[in-house]
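As written, the chain order gives the labels A, B, C, D and E, with residue 1 at the start of each chain.
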Amino acid sequence: MTMLARPETPRHAPTSAPVPNRRRKQRRWPLRLAVTGVVVFCLAPFFWMVVSSLRRSADIFDKTPVPTPVSLENYAAVLHPSQGFLRSLLNSLIVAGTTTVLALVIATLTAYAMARLDFPFKRLVLTAIIATCMFPVVSIVVPLLKLFTSWGWINTYQALIVPSMSFALPLAVWILTAFFRQIPAELEQAAMIDGCTRSQAFRKVILPLAAPGVFTTAIITFITAWNEFIIALTMTNRASMETAPVAISKFVGATEFEIPFGSQMAAGVVVTVPLVVLVVVFQRRIVDGLTAGAVK
Amino acid sequence: MGSETTVRRPHPARTAEPSGPGEPGRTARKRRSESMRLGTLLIAPTVLVLAVVVAFPTLDAIRMSLFGQPGLDPDTGFVSDTEPFVGLDNYATILTDAGARFWNAFANTVFFTITSVALEAVIGVCMALIMHQALRGRALVRASILIPWAIPTAIVALLWRWIFNADGIANALLPGRVLWTTEGIQAMVAVIVADVWKTAPFVGLLVLAGLQLIPRETHEAAKVDGAGAWRRFWSITLPLVKPALLVALLFRILDALRVFDMPYVLIGPRKSSVETLSMLAHDEASNVRFGSGAAYAVLLFLFVVLVAFAFVKLLGADVVGDAEPRPTRRARRKARAPRRAEGSEP
Amino acid sequence: GPAGEGGNGDGQPEAGEFEGRGPINYVAGRDVTGTMQDIIDEWNAENPDEEVTYVELPEDPDSQRQQIIQNAQTQADTYGVINVDNVWTAEFAANQWLEPLPEDEFPVDEMLEPVAETARYQDQMYTVPFWTDAGLLYYRTDLLDEAGIDEPPATWTELEQQCDQVLRLPEADGVSCYAGQFEKYEGLTVNFAEAVQSAGGAVTGEDGTPTVDTAEAREGLRFLVEGFESGLIPEAAITYQEEEGRQAFQDGNLLFHRQWPYQYALASADDGSSDVAGAFDVAPLPGADGPGSSSLGGWNLGVSVFAENKATALDFVKYMTSKENQRRNLEDATLAPAYAELYEDPELVEEFPYLPELRESIESAVPRPKVVRYGDATAAIQDYAYAAITGDADPEQALSGLQERLEEITGGQ
Amino acid sequence: MAIVSYDKVTRTYPGADRPAVDGLHLDIDDGEFLVLVGPSGCGKSTSLRMLAGLEDVDAGTIFIGDTDVTDLPPKDRDIAMVFQNYALYPHMSVADNMGFALKIAKVPTEERHRRVLEAARLLDLEDYLDRKPKALSGGQRQRVAMGRAIVRQPRVFLMDEPLSNLDAKLRVQTRTQIASLQRRLAVTTVYVTHDQVEAMTMGDRVAVLDDGVLQQCAPPRELYDRPANVFVAGFIGSPRMNLGQFRLTGDVAERGAARVPIGRVARHAAAAEGATTVTVGVRPEALELTGSGDGAFPAEVTLVEELGSDAYCHAVLDDPAEPMELIARLDPRAVPAAGQRVHLRIRPEEVHVFSPTTGDRLGG
Amino acid sequence: MAIVSYDKVTRTYPGADRPAVDGLHLDIDDGEFLVLVGPSGCGKSTSLRMLAGLEDVDAGTIFIGDTDVTDLPPKDRDIAMVFQNYALYPHMSVADNMGFALKIAKVPTEERHRRVLEAARLLDLEDYLDRKPKALSGGQRQRVAMGRAIVRQPRVFLMDEPLSNLDAKLRVQTRTQIASLQRRLAVTTVYVTHDQVEAMTMGDRVAVLDDGVLQQCAPPRELYDRPANVFVAGFIGSPRMNLGQFRLTGDVAERGAARVPIGRVARHAAAAEGATTVTVGVRPEALELTGSGDGAFPAEVTLVEELGSDAYCHAVLDDPAEPMELIARLDPRAVPAAGQRVHLRIRPEEVHVFSPTTGDRLGG
C-alpha cells in the first residue's frame, strides 16, 4: 500500500481557530469548585474585615453581611491628614522596598555560592544562617534597642531596614538556593563558554530563569518587611518615621476603652491594597516552563 | 600534523590507577580553594548583616539570662540597680516549681506547631496547585489567595478576635455558642484556624514557585507511563517541589515555634491553653524579669535550633543538595566486576 | 540592666533637682479628640524655647508600659514627661525611672484624696493625677420601671432580688442580670478588687501587705463565683472586656452592668447603634451590705529621670494638670478630672449627668494595690480569680493560694 | 486489522501559521513496525505525541483498536513512549525510572525487578541502576529512556529517535534486540529515526513525512526502489540520489554528455503532462567507473571520501547550461584521485524519472 | 605545533569509584580536526568538558597553545562548544541564543546580525530566528546549539555529537559545511560522534576511547586498516569486524572448516607470547560469496538485511567446539536466502591478527 501526496501543492490555508478540545471542557468543573472553595476560604474573613471597616464606629457590633448604613467614616479617619497615615505608608514603602532590594541582592550572592560553589561546611553555614533568625524577636528587642541607641540610629530608616533585612535574609537565601539549584548547570556553563564571567552568566542566564523564585522571594520579603512591627515600634518614636503597622497600633478609640476596631480594619484594608497590587504585578513573572527546551 | 599512533592497553590490563579518588590532584584542590574564596566573599555580606542585627543581641540575651531579678531594698523601697549573677538558676527553674508553666507552654508550642504546619502544608499545596492552573483571572485568584498573608499579623489577630467574639460572627454562623477565648481546646482551635488562614498562602506561594520549575515533559512521561492525576501528584509533583516545600515548611516551623502575636492578641496572655514559649518569655520580660525571660528565650532558641538542625539533617539534601550520595556497597561491588570482555570471545 | 541615677540612694528620697530648660517630649497614647495636642500647642505658643513634642505610644496599655520600660533600659533621654497608668506608679518609682516630685508645688489638696493617693509611692509623690476613672453601675431604667422598682440596687442582695423580679418580665426575654469585666486581663483585677472591697475587705492593707485570705475577700469572690454558677452573670461574661460588655448592654442584653463612665455617651447615642438610649441610668456600685467600692482607674503624669530639661518638664506637668486643662479634658475628651470642684460645676453636670455618681464612686474608691511588682501581682490576681470564676478552682483555695503568691511578690516591699 | 489509525489528523501549534502535521492519514496494522522518517521539523514528534495523547488534535480522529482515543487521556491509551529528549524522572534512580510504569500498573515487585533487570541487561545499564539521571552520560540517559518503554508490554510502542546518541556497536545491538522484542511481543510500534540503516532494516513499512504532509508509506525496499516522488527519492538513501533536470529527446533524456534511456510508461506519462524535461534520479551505487564506452560520460572528480568499506566520489558532469554535481559510490580499492577526469556509466535499469512540475514519479 | 594537549589527564566524578577519564594523553595539532569516538559512557563528553573548563581536572594538565589552562575559567579559554544536551538559553530567541557570545564579546550589532544570519542559513534555521527553543523540534534545537558555536571564531571548537538528531540529508549537508568551515577558518576542532561515516570522513585523526582510556589515535584510514587492538577493531566499522579465536597451526590459523593464512610477523609475535591461539578479525566486506573453491568454507545463512545499496548476510561458521557468527557485506543484487548454505571466502590481505591475551595487534 503506497500513499502519495503532492509535495509542491500549495498548502491549505491555516486551519481556522483550533477546535476546542471536548475533554478539557468537561473536566473543568472540579477545578472550578476547588478554586471557588479556596478563594472563599481566603476571602471570607477578609470580606468581614472590609465590611467591618465600612460600618460606622457606633455599629461595630453589627453582624449584618452588608453594612447599613455604609459609612466611609473609618477611612476618612484613617486617611485624615492629622493621622499621618499616608506618611506611614510611605515609610513602610521605603523600608519594605529597600529591605527587599538589599535582601535580594545580598541573598542572591549567598544563595549562588550555596547552590553553585563547592566548599566545605556549606551545610553548616546554611544552618547557621537560619539559626540566627531563630531567636525569639521579643527577646532581642531590648539589646537591639541599646545597640541602636548607642549608634544613634533611633528614628532612622536604617534602624528599621537592617533588622528587617536580617529577618528576610535567611528566608531569601534558602529560597533562592533551592531555586538556583534547579536551574540546569549546563546553561551557566554554556554562558561561560560563550565568554561570560561567572557574574555575567549568573545575571544573564541564571537570574532570568530563576525569575519565579526571585519574584516569589521578593513578594515574601516585601510583605514580611511591610508587616514587621515590634522592631519598627521600638526603634522609632517620631510620628514622621513610623511605619504603617506601628501607626495602626496607635489608633485609639474615641475614648479610653473603646476599641478602634473599625478604623483598624479600614487601615488593614488600606495597607493590604498596595500588597495586592504588588502581587498582581509580580505574579506575572511567576510563570512556568521558563527552562523548557533548554536541555535534553 | 602528527599522525603517530598512540596505543593504550585495553581494559583488562589496567590495574594501576593513576590517581585514586582519595588524593585530589593539584587543580581540583586549587579549584576548591578558589571556590572557597569566592564562596566566602559571597557569603560575607549576609553573615555581616546577620551578625550586626542578630548575633550581638542574641549573645546579649544569653548573657542576660545568667542574671536574676534585682532585689528591692526594704529601707529605701528602691529596686537595687545591679542584677545579681545567678548562673544557670534561671534555667534550673524549669525543673522546679515554675517548671509546670514552662512545660505547659512547651507542649502548647509543639502542639500548635505540628498541627498548624501540617494543615498549612496541605492547604498551601492545594493553593499552589490552584494558583498554578492557567485559568481566566489567574492574577486575581493568586491575589485573593495571598491576601490573608499580606494583612499584618496584629490586624489579623484582631479580626479573628472579633470573629471569635462570644457574640461574633463565628458563633452566629456556627451552631451552638462557643466561648472561643476562654481556656480550653477551643482557644487553641481558634488560634490554629487563624494562623492557618493567615500563613497557608505563604506555603502556597513558595510551592507555586517550585511548581514552575517542573518540566512539562516529566509530567508527560508519567502520563504515558499510565499515572493518573493523583499518582502524578504523589510521584512526580510532590518529590519535585520538595525543595521549595521543605524550605517553606522549615520556615513555617521556625515561625510557629516562636508564635506570639496570634495567641496573644486573639486569646490573651497567660491563658494556659494557648500560652506558648514566646509568650512566656515575653511575659517574664514585661514583668522586668529580663533574666528568666531571656532564659526561656534561650531555651526556645535551643529547641528551635535542634528542630531546624534535625530538619536539615533529615530532609536537607534536597535543598542543600551536597554531592550525589556515595554509591551503595552493592553498586560498588558491581562496578568493580569487569564490565566488558571486549572482543576476546565473540 | 535597670539602673537609675535619680534618688539619693539612702533614706527618704527628696524631690529631685529640676534643672535645665529646653524642648522636651511628652509621651502618651494617642488622643483622637485632639485635646492634648491643642493644650500642647498652646503651651508651645507661649514657650517657644521649651517646645513640647507629642510622642505617641501604641493604643494598648501593655505595649505602652513595655515601651516605657524599654526606654528606661536604654536610659535614653527621649522620654520627658510620661503619661503613666496610675497602677504603674509604684513600679516605676521603685525602679527609679521617675523623678520624685515636690508635692508642695501642686494643688494636691484640691484633688479627690483617693486620686491623689495614686500619685505616691512610699509617701513620696512621683506622679500627678491627670485624669481619673471609677466604675459605675449602669442599669436599665425601662425594665426596672416595668417591674415597679424605682431605686437601683445598693447591695448585692438587692441586685439579685431586682434581677429576679425583672427577668420574669416578658420584655426581659434574653436579658441577663449582671456583668462586669471578667476576661483574664487587668479588668478582672479591677472587678475582683471591687468585689473584695465592696464586701469590706481589701486586696492589700495600708502597709501594702496582701490581705486576700480573709472572710471579706471570700465573700467578695463568692459573689462573682456564685454569680457565674447561678447564671446571674451570663456565661459569656467570662470573655468580656469593656467593649464586649458594652456590646451586650447596648444590645439590651444586660440589666445591670459594671462599667466605666465612657459608656454613658455611647449607650445614649440615638443614631440607632444603641438599643438602650434613654433607657438607662447610672449608680454607684453596690456592695455586700451597703454601697460598694470601686477601683480607681486613671492616668497620671510623671517625669523621667533620664530626661533633659527637667525644669521645663516640671512646669509642663504643672501646666497639663492644672484645673483649667483638666476641665478641658472633661469637656473635650470626657476624661474625668481629679479636682473635686469640677464635679459640682452645674454646667458640667448638665453635660455629664453621671458626675455626681462618679464622684461618689471615686470617693469611696480604693486605688489598686501599690505593688512594685505590680505586673506580677495583677497576674496572680487574674490567675486565681479567673480559675475561681471559671470553676477550675475552689474559691477558698484560690484565695489562700493568691495570698501566698502575693506575699511572695510583695516580699521585700 | 489496523490497530492505529490517523484519520485526517491535523495539529497546528498555537501561534504557528501553518500546521505542524497536516491531514495525516495513516493506518498501522496490528503488530506492525512502522518507521517514521522525514527532515528535521517535519512533524514526526508531533505525530507521535498526538498518538500518545500529549498534544491536542485540532482536526481529525485517532483510533487505537476500535476506540476513538482522540479525547482519551494518555494513561488510558496503554502506550509506551521513548521521548526524543528522554524526559527522565530526575528524582528517581535509573531502576525506579524504568520500573515506574510497572509500579503504577501494580506489577508485583519481583516481576518488576526481573523486568527492569532484564531491560537493563539488554541496554548495558546494569552498573547504573542506582544512579540518578544527572550522573549519567548522554547515551546512558537515552538508554534509560529506552528501558523505560521496553519494560512494558503496551499495545503500542512509540519511539522517538531512541538510539540517536548511542555508538554504532551498541546501536546495532539494541536495534536488533528491539526488533526481536517487537516481533516476539507483536506490539505495534511507531519508530522515528534519522538513521537510514535503521529505517531500512527495522521497518515493515516506512512512512516519509515532509513539512507535516505524508509523502509515501511503503515497505523499505519499495521506498528505495520506487520512490513516489522527488522528495522521497532524495530523502531515502545515503549519499542521496543524484537528481537533475534532463531534456527529453525521443526515448532518452540528456544533459551535457550524459544520456539516459527513459522507459515507455514514463515517456507517455511525461507526454501526457506536456513536459519537455524530466527529473532524472540516479543513486550513487548506480554509477560506476568505466572506460569511455557505451553510455559512459566524462566527469571531473572533485572530492573523494573514503569510509573504509566504501568510497564516495564527488564529480561534476559538464553541462554547458548548468553543471551537475554527482556522487558515485565506488569500490574503495580503486578510487580516482580528486581532479582526475573519469568516465561514469549509469546502470540503465536503475533510473528514476519524475515529473518536473509535480515531482511525482513517472511510470511504474 | 600542538595547540591542545592533554597531559595525563584524569577525572573521577565525586562518588564514583573509577575515573571517567583516565590518564588521557593526547596532542592535537593546530587546525586539526580530531574526531573522538568510543562507546556510550566512555568519557568523551567528560574529556571535552575538561578541555572547556567545565569539569575539574583531578590529575594532569591541559594546555591550549603554550598556556596551561587547567585552572583557567572557561571564558578565558576562547572555546566554542556544542553541548550534547544543547543547553540552549530557554529565555532567548533562536537569534539571541546564537548571537549571545558575540554580544558578550561586544561584536558590533550589524556584524553580529550578519554572522547569526549566515549561520542560520547554513543550518536551515532562518524561519525560526524569533522562536524560543521550547517551540522547536528536537533537530531544530540541536541546530541552534550548533549555530551558537559556529557564529564564533574561537581557537578551539568542541562539538559533542552535534548532528545526532538531524536527518541524513541535513546531516550530510551540515557535516560538509562544518568541514569546509573548519578548513577555511583552520580552527582546531574536537568532534564527538557516533556516526562512523562522520568519524571516517571528517577527521584528520580519530581518537578511540574506551572506559576512560585512550585506545588509539590515528588517521581514519589507518584506524580502519590497522586497528591497534581488538577493541578498536571491533568498534570501528559497521557492521563490526568479525572477530574470533583461531587455532594457530603452522602458518595458518583455523577454526572449523575455515583457515586463514597468518603473516610471518604476526606468527613470530604470537610465538613470542607463547600463544597457541590468536584472535582473527575479518571485516564484513572482506568476506565474499564464492564457489566451494580454494580457501572457501561453508556457512549457513541465518538472516539477510537489505539496505538498498547493500545487503548484510548473517551466517554461522560451523565449529564443533563453538560455532562462530559472521556478517558479510554482499552485493544487494545477489543475496542468498536465509537458511541457505553458502560458501564464503576471506580476502587474504584483509586479515587482522590480535594477541589473545592483551588484545593488541600482532604484526604490522
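Following the convention adopted for this analysis, a residue touches a chain if its C-beta (ideal position, glycine included) is under 8 Å from a C-beta of that chain, and two chains touch if they have at least 3 such contacts.
Keep in mind it's a predicted model, so treat the numbers as computed, not measured.
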item: Highest-count interface - the chain pair sharing the most C-beta contacts; value: A-B
item: Angle of rotation relating chain D to chain E [CA atoms, steps of 5 degrees]; value: 180
item: Chain A and chain C, separation of their C-alpha mean positions in angstrom; value: 43
item: Averaged-CA centre spacing for the pair chain E and chain B, given as whole angstrom; value: 51
item: Centre-of-Cα separation between chain D and chain C, whole angstrom; value: 94
item: For chain D, residues contacting two or more additional chains; value: 73, 84-85, 135, 138
item: Residue numbers of chain C (touch at least two other chains); value: 247, 251
item: For chain B, residues contacting two or more additional chains; value: 167, 215, 290, 323-324, 327, 335, 339
item: Chain B contact footprint on chain D (complex, rising order); value: 52-54, 73-75, 78-81, 83, 85, 87-91, 100-101, 104-105, 126-127, 129-132, 135, 148
item: Contact set on chain A toward chain C in their complex; value: 56, 58-59, 61, 82, 141-142, 145-146, 149, 154, 233-234, 237-239, 246, 249-260
item: Chain B residues touching chain D - in the complex, by the definition given at the top; value: 215, 217-218, 220-228, 231, 235-236, 239-240, 242, 324, 327-328, 330-331, 334-335, 339
item: Residues on chain D engaged by chain E in the complex (per definition of touch); value: 13, 15-16, 37-41, 44-46, 84-85, 124, 135-140, 142-143, 160-161, 164-172, 194-197, 200-201, 220-221, 224-225, 234-240, 283-285, 305-309, 329
item: Parts of chain A lying in touch with chain B, wherever the complex brings them together; value: 31, 34-35, 38-39, 41-43, 45-46, 48-49, 52, 61, 63, 106-107, 109-110, 112-114, 117-120, 122-123, 125-127, 129-144, 146-147, 162-163, 165-166, 169-171, 173-175, 177-179, 181-182, 198, 212-213, 215-216, 219-220, 223, 226-227, 229, 244-245, 248-249, 261, 264-265, 267-268, 271-272, 275-276, 279-280, 283-284, 286-292
